[in-house]
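Heads up, there are several structures right after this.
In what comes next, chain A is part of two complexes: it sits with chain B in the first one and with chain C in the second one.
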Partner chain A sequence: MNQRVPELRLEHVTKRFGSTAAVQDVSFCLWPGEFLSLLGPSGCGKTTTLRMIAGFVVPDAGRILCRGQDITDEPPYRRDVGLVFQNYALFPHMTVAENVAFGLKMRGAARSVTRDRVQWALELVRMPQYGTRRPHELSGGQQQRVAVARVLAAGASLLLFDEPFSNLDAKLRKAMQVELRELQQRLGIATIHVTHDQQEAMSMSDRLIVMNSGQIEQEGTPEEIYRHPRSAFVAEFMGECNRLAGRVVGVDRARGMAELDLDAGGRLLAPWSGPEDPPERAVAFLRPEHITIVSSGAGGGQANVLAGTVRRRVYLGPVTVLYVSLNDDTDVLVQCTNSLNGASGYGPDARVQLHLPPPSVRLMPL
Partner chain B sequence: MSLAGVSAPPAPPRSRGGAGAHRTGRRLPWGGVLFLPGALVIGSLLVACLILFRYSLNAWDPVRTMVTSWTGANYLALVRDPVVRRAFIETLRIGVTVTLVCLVLGYPVAYGISRSRKRALLMFLLVAPLLMDALLRSFGWLVMLGHHGLVNVLLTGLGVWASPKRLIYTPLSVIIEMIHELIPFMVLPIASVLERIDPTLHEAAMNLRAGPVRAFWFITLPLSLPGVLAGTLLTFALAMSAFVAPLILGGGNVLTMTILIQQQMLTTLNWPLGSAESIALVLVVLAVLTAYGRQARRIARGSA
Partner chain C sequence: MTSVGRRLGAILLGSYLVLFFLYLESPLLIIFLTSFSRGASLTFPPDGFSLHWYARLWDYVHDAAGLQPGLVASAWTSVWLGASAMAGSVVVGVLVAFGLRRYRFRGHALVRQCFLLPILFPQVVIGVGLLLWFSAIRGVPSWLRLVLGHLILTLPYVIVTAGASLDTLDEKLEEAAMNLGANRLQTFWHITLPSIRSGIVSGALFAWLISFANFTVTFFLYSGEMRPLPVWIYENLQRVIDPSLAALSTLVVLLTLVVLLIMNRLVALGRLVGLRG
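Take a look at the complex of A and B:
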């Protein structure tokens, strides 16, 4: 991996708007053929980062390199990055074919070359027969396909997607995600995708970068980030997460375990491999699907088994989510897979015992 | 002067189709009443035009002035009279010049306003001169452009001109006043159309390797043509029917159709001929606007 030249490289890029830093000291690489998602809540700097790569925003500090060449100060119209806008930004006064041909026209391509390439691009997005239509005659998904064909025809060496699916309805969104991902893999074109939707980011990407208030929180494959979040922010942003605060009462260095006295009552063993001792107050994070219901009724007292009352039950088809209240009214989400025999039988007011397996718990400083 | 053919600037094409086409089916029980004021205005204009038209078919006698009759003699006189022809050409020349200069000066202003953050303030400043009556503005220009006026003093003082030039009582002074008066009517529709153009279109063009100039030429300019169309139609119609500026700043040397009509009506008291001239002016302006509008729309549609 290290021998290859990255398609794109950001080095310590910073951008301030007034006194607030929109992007602060961001560095990452995009490898050839890779699909990378920048994920974060709105205002986390992901869109500013994308606009800096496209050249619409000039960084205050740092460098942007494209295949080893410094493009930090290049204007947008001298960069080979194809940006697919959130609203697609198709030119309303041109036909689909004219839209797709625009980049080639700006490059001064010969007419025959342009025609062939427009046809090629429209076939890639499965719209060869729509060349004479106007953008307003197309559906959202079709407009998005044209926008993709337009940057591909222009000869972009890398693609940028700015929240590309936010204007589509749920079903079409899924279909377009699959279609674009397949197209991207077929062409082997490196792509950066900006989104606030973690499901979308996980389902499409080779690698994710989670951003928060202008900085990179964590970088890795979807699985790494979901399973080993490095911060409370990442843990909670990447899907549902239970959060149980408590006091650290002991550390077993040999076994790499810490013991937590939960505020909600009960004890919790959690892996701890940090070089230092955990702080006195800590928070345990665990995913709803890692919790199992061991038995109904009262009892307990063992480590990692907590008693609670089912408050609400939500049936979601493949899974059922139970909201279980602990002694101090903390809610714990428990996700049970629904089997062929039907959903889990626990209904409201059922007393249950939850098992929180130690390997599934991530302990973080409060 | 009627402004038929000039409506609010057409909405720019939507970037996304579908939405927004729906209208609620509910109606106000007395909704028709809302049309009354408009119908009254248009109706009285139409009646005035009809009366003028009837007058234009009457005969004229120097002693008895208007004589009720049914004759086409006045229209025949229009075509034959070299004075009328000259006035028509002068009016058209001033109208076209004013419209073109307003467009060339106004477009950049409209562009600037549409990009500015202080849009409301700039719009107000633009419209503020309209708060002053045309008569006052004309006298103001009379003073500015006079032999010892600001313009002559400045330009001779700076050595641009050897001696003061006669500016007032020329078509030039009339044109200058009319540009001052009519430029808001050019800027406002263009600015409102430019404002509504999605700024990401310009960025998309830049992303596709168009520099700022080409992005403007291929994207922004064609999309702003509906505003240009509305602005030029408004300005031209108002310039053709302007009366105060030719009267005050023309000082009898600039004979436009409006001046001619006024002389016919009030000096010669030849109402039938004056009416015929009025009707002819309305028809010519309407014809020019219709032809231009049709042509411009065709170009706007075909450009890309």
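Take a look at the complex of A and C:
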């Protein structure tokens, strides 16, 4: 697959503002037709990365290539990269049609070509009848559609979105996510999408890049990253995660398993396939939905079964989340799917036994 | 608080506002009333009512009984001078405001303040300074002296109003334009300028009015054949003191108000229909 030329390639790109390194040695590729999300907490350098691709920020080091061509030093107006701003940045003194025609006008396109293309772009975003409106006469979702039509009409071969849904209410956000993704797939246009919302990133993307303090933590499909986080940061950023610390008491190389003596009491077997031995102390990560309640009442002693007391029960519709206190008062989140018959019956103060299946445990150095 | 107390408060505040307004406008009011006087002396309160002095003004316009050049020529000089100062300060002021926003350097705030200093200087100082300067470099025609002198007074107003508009302009709009393929000049012309249009128009309006009404600096720079209206009025005041000058002043104030209204209307209308600049 590396025979293909990537739409976009960043090579060791670095940008610092004063003493803060906003982006540090970031390298990645965007393949044709791909929808890639840059995901990370606030201040991790997502916007800076996007602005470097659009040409508004010049990297201190590294190169940016667009279809094999070095565009690192090209001014923004000579890149065919379409940026959709968080607040849409529609020109308030122009009508919707004039906004959409702006890019063509600047490039000196013929009037008839412009008219057809504006029509085409407005139809793509299902707003052909809004051409004569002004931006302030549109709802947030409509403004966003116009912003998308505007970059498409201008002939962008690559789309960049910076937190495109943050100004929309929850319901509209879902609808726009689906709509944008469908449009992107229909046009087959490579897209980079910046967000700090992991749900949004997972539901839309072909591939994710998780960033943390200016660096790439992990890159992969949503499933790879959710199921096999490579660091504690990624594990915890990608959704609720239980964390149980303990001492490593043995390694079974043949079975690829390590055994952990948990601080909270009990033993835990976890896969370990690293070439070196696990460190003396380690942390086990485990998703709430992978834990099952095996039986109520006391007992235990087997590996990967921990006893605890339900402290709190939160009903969320499709699932119920139980907060289970272990012996040393660490809380473990357990997520149970609610069946047709109703929610799981464990209420506060119920004694439960939790089963933590070994394949779902990720062991990492403390 | 009782309703009586509230009523009393409202009445007090209302009277305060009315009194203060009267105080502010008293020079205009007095001139206005005096211009309708029947007597021949320029005194307040006026005795009687007549339109006599407006008729007299009409004579001035016709047979130029006053100084040479006459009233009409002076009025034209002032109008034209105001227009030149306005045009000059719009072109220069917008570029200065744009540059000040674009380039951030050490001492930026100080430089920005310095551009506004002429507003704070005593105008006598500016007048004398310019007079000395222009007599040192000979050969600057008198019209150019006046325009350059007035530019010093009017430029800061455009820098302030255009600068204030630029401060509220969302930089993302300019970035969006560039992202769509507009180079810097196109972005300035199609996005930046239209966005700060109201600031430019009000700056231009100020510039014209400041120039039109200026006496002090003008007094140091005018010449016999270039005698702007304020100077003409002043010099006539020294020769003939009669209410016709009050009539003239009233007309000048009215003209100023009309210009204000027209410009105000233009800006508001422009915003309403989204006229492009």
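Quick note on the criterion: the second predicted complex is superposed on the first by the 366 of 366 C-alpha atoms of A that agree within 3 Å, B and C clash if a C-alpha of one lies under 4 Å from a C-alpha of the other, contacts with A are read in each partner's own complex, and residues count from 1 in each chain.
Criterion: a residue touches a chain if its C-beta (ideal position, glycine included) is under 8 Å from a C-beta of that chain, and two chains touch if they have at least 3 such contacts.
Note that this is a predicted model, so its numbers are computed, not measured.
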item	value
Fit or clash - chain C, chain B, common chain A	clash
Touching partner for A:Ala54 - first (chain B), second (chain C), both, neither	both
Touched partner set for A:Arg107, first chain B, second chain C, both or neither	both
Which of chain B and chain C A:Ser27 touches, first, second, both or neither	neither
First (chain B), second (chain C), both or neither touched by A:Gly140	first
Which superposed partner A:Val151 touches (first chain B, second chain C, both, neither)	both
Contacts of A:Thr337 with chain B and chain C, given as first, second, both or neither	neither
Which superposed partner A:Pro76 touches (first chain B, second chain C, both, neither)	both
Shared chain A surface residues [contacts with chain B and with chain C]	54-56, 75-78, 81-83, 85, 87, 89-94, 102-103, 106-107, 134, 150-151, 154
In the complex with chain C, residue positions of chain A that touch it	54-56, 75-78, 81-83, 85, 87, 89-94, 102-103, 106-107, 134, 150-151, 154
Complex contacts: residues of chain A adjacent to chain B	54-56, 75-79, 81-83, 85, 87-95, 98, 102-103, 106-107, 134-140, 143, 150-151, 154, 167
Chain B - residues contacting chain A, complex	12-18, 198, 200-201, 203-211, 214-215, 218-219, 222-223, 300, 303-304
Residues on chain C engaged by chain A in the complex (per definition of touch)	170, 172-173, 175-183, 186, 190-191, 194-195, 274, 276
